[in-house]
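So, here's a batch of structures to check.
Paired with subunit B in one complex and with subunit C in the other, subunit A is shared by the two complexes that follow.
Let's turn to the complex of A and B:
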């Protein structure tokens, strides 16, 4: 059974394992399988890997190491295939999309910014509701402008009492983003870097 | 968590694929997604018009109340059909997510 971490450039097929050892789930060494013009980062598993915090961390760490080693289109946790033929067929069927994604995501990581919103109570009137929405939209815009130069892409949503912004930044730009957030009010929380799965 | 292998990243984007068992939920997901999308567009437009001074106080109140109740109704209906907020953010393939 093959566990797939993501897609890399095909020319890295032979060089990656020797030059940049990457460890995956359960300490398995990540290998690269050629699939057309692309390569797939994978490791062998004896059974379906139950998702545990350790395994999810190992999956993310492997993807981040692959970013450092030249770029990856990361898969989310849990892509398992019976054999090489099945895996190659699946990758080659989406080759054009994956190649474009590789170019777009090269050297990038994902960071999540969470800004708490005023929880308040249910709006007391229609006017109160619209004014609250206005404040939320203004906050989102202020955050986007503040982080603007550091962002390569950006998704945002307001849900469960917080503004959640998913940011695509250059791997080296995470520190700049953190510095910019220090002065932002209300004080945001920042998690990451993660593999840029939200932008695949 | 399922113990079945999943390949969500190498499959085509999710399609609306109703079966006799889930036809109501599938239809509700599609309809509520579109309503939520339109509601958000209207909400932004209402905020812009309020800022521009195009609306009387009465119009702001009525518009805000309508949008607030619509938001509550979408959440209520989604829960009835076992759908989460994320379920209403349908994947449009190359165009990305709806919301």
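Let's turn to the complex of A and C:
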């Protein structure tokens, strides 16, 4: 049984395991299988892996390591295949989309930024509600401008009393962006870098 | 340089984000079956085990 972490560039197929040893679930070494023009990062499993915290961290760490090795389109936890043929067929069926995603995401990570919103009073009218929404959207725009040209892509949502923004940035620029955000008011919470799984 | 482990692992927020990123996002290639009823494709994602396990993961000490 093969557990897949994501797709990488096919030309790295032979060199990746030697240059960058990547550990996967249960300490298994991640290998790269050629699938058409792409490579698939995988490790062998004896059974379907129950998603324990350790395995979830291992999946995340493997994808981060693959970013260092040149980029990855991360898979969701639980992509398990019976054999190489089944895995290659699944990748090749979506090869065009995966290649485009890899081109866009290579060398990128994402950061999750949370900005608390002022809960204020319950809106007393429709106009009041719309004014609040306007303020929230203006805050999001201010944050996006603050992040500047380092931002390659952006997703935002407002829920549970906070603005949650997911920022796609070059892996090398994540630390600088995190430092920049410390000056933003209201001060945001920030996690990452993560593999760019929100942008696939 | 990227960290070897998930960032800020001691923070609950990071664990929630970690679970969200790994179980709720990313490409799904496996475990997909399509059942057609009256020419309408119903797509079933065979990830019920993962989704059912999220609560357990968040409760389990890291």
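The working rule: the second predicted complex is superposed on the first by the 199 of 200 C-alpha atoms of A that agree within 3 Å, B and C clash if a C-alpha of one lies under 4 Å from a C-alpha of the other, contacts with A are read in each partner's own complex, and residues count from 1 in each chain.
Please note the rule applied: a residue touches a chain if its C-beta (ideal position, glycine included) is under 8 Å from a C-beta of that chain, and two chains touch if they have at least 3 such contacts.
Because the structure is a prediction, the values reported are computed rather than measured.
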{"item": "Partner chain in contact with A:137 - subunit B first, subunit C second, else both or neither", "value": "first"}
{"item": "Partner chain(s) touched by A:31 [first = subunit B, second = subunit C, both, neither]", "value": "neither"}
{"item": "Which superposed partner A:128 touches (first subunit B, second subunit C, both, neither)", "value": "first"}
{"item": "Partner chain(s) touched by A:109 [first = subunit B, second = subunit C, both, neither]", "value": "second"}
{"item": "Partner chain in contact with A:60 - subunit B first, subunit C second, else both or neither", "value": "second"}
{"item": "First, second, both or neither for A:156, with subunit B first and subunit C second", "value": "neither"}
{"item": "Residue contacts with subunit A in the superposition, subunit B compared against subunit C", "value": "C"}
{"item": "First (subunit B), second (subunit C), both or neither touched by A:193", "value": "second"}
{"item": "Overlap of subunit C and subunit B interfaces on subunit A (superposed complexes)", "value": "4, 48, 50-51, 75-76, 78-81, 90-91, 94, 200"}
{"item": "Touching residues (chain side subunit C, partner subunit A) in the complex", "value": "1-9, 11, 13-15, 17-19, 21-31, 47, 49-50, 53, 57, 60, 62"}
{"item": "Residue ranges of subunit A in contact with subunit B within the complex", "value": "1, 4, 48, 50-51, 75-76, 78-81, 90-91, 93-94, 97, 123, 125-130, 133-134, 137, 155, 157, 159, 200"}
{"item": "Parts of subunit A lying in touch with subunit C, wherever the complex brings them together", "value": "4, 6-7, 48, 50-53, 56-57, 59-61, 64-65, 67-68, 73-81, 90-91, 94, 98, 101, 109, 112, 114, 171, 189, 191-195, 197-198, 200"}
{"item": "List of subunit B residues in touch with subunit A within their complex", "value": "1, 3-11, 43-44, 46-47, 50-51, 57, 60-68, 85, 94, 97, 99"}
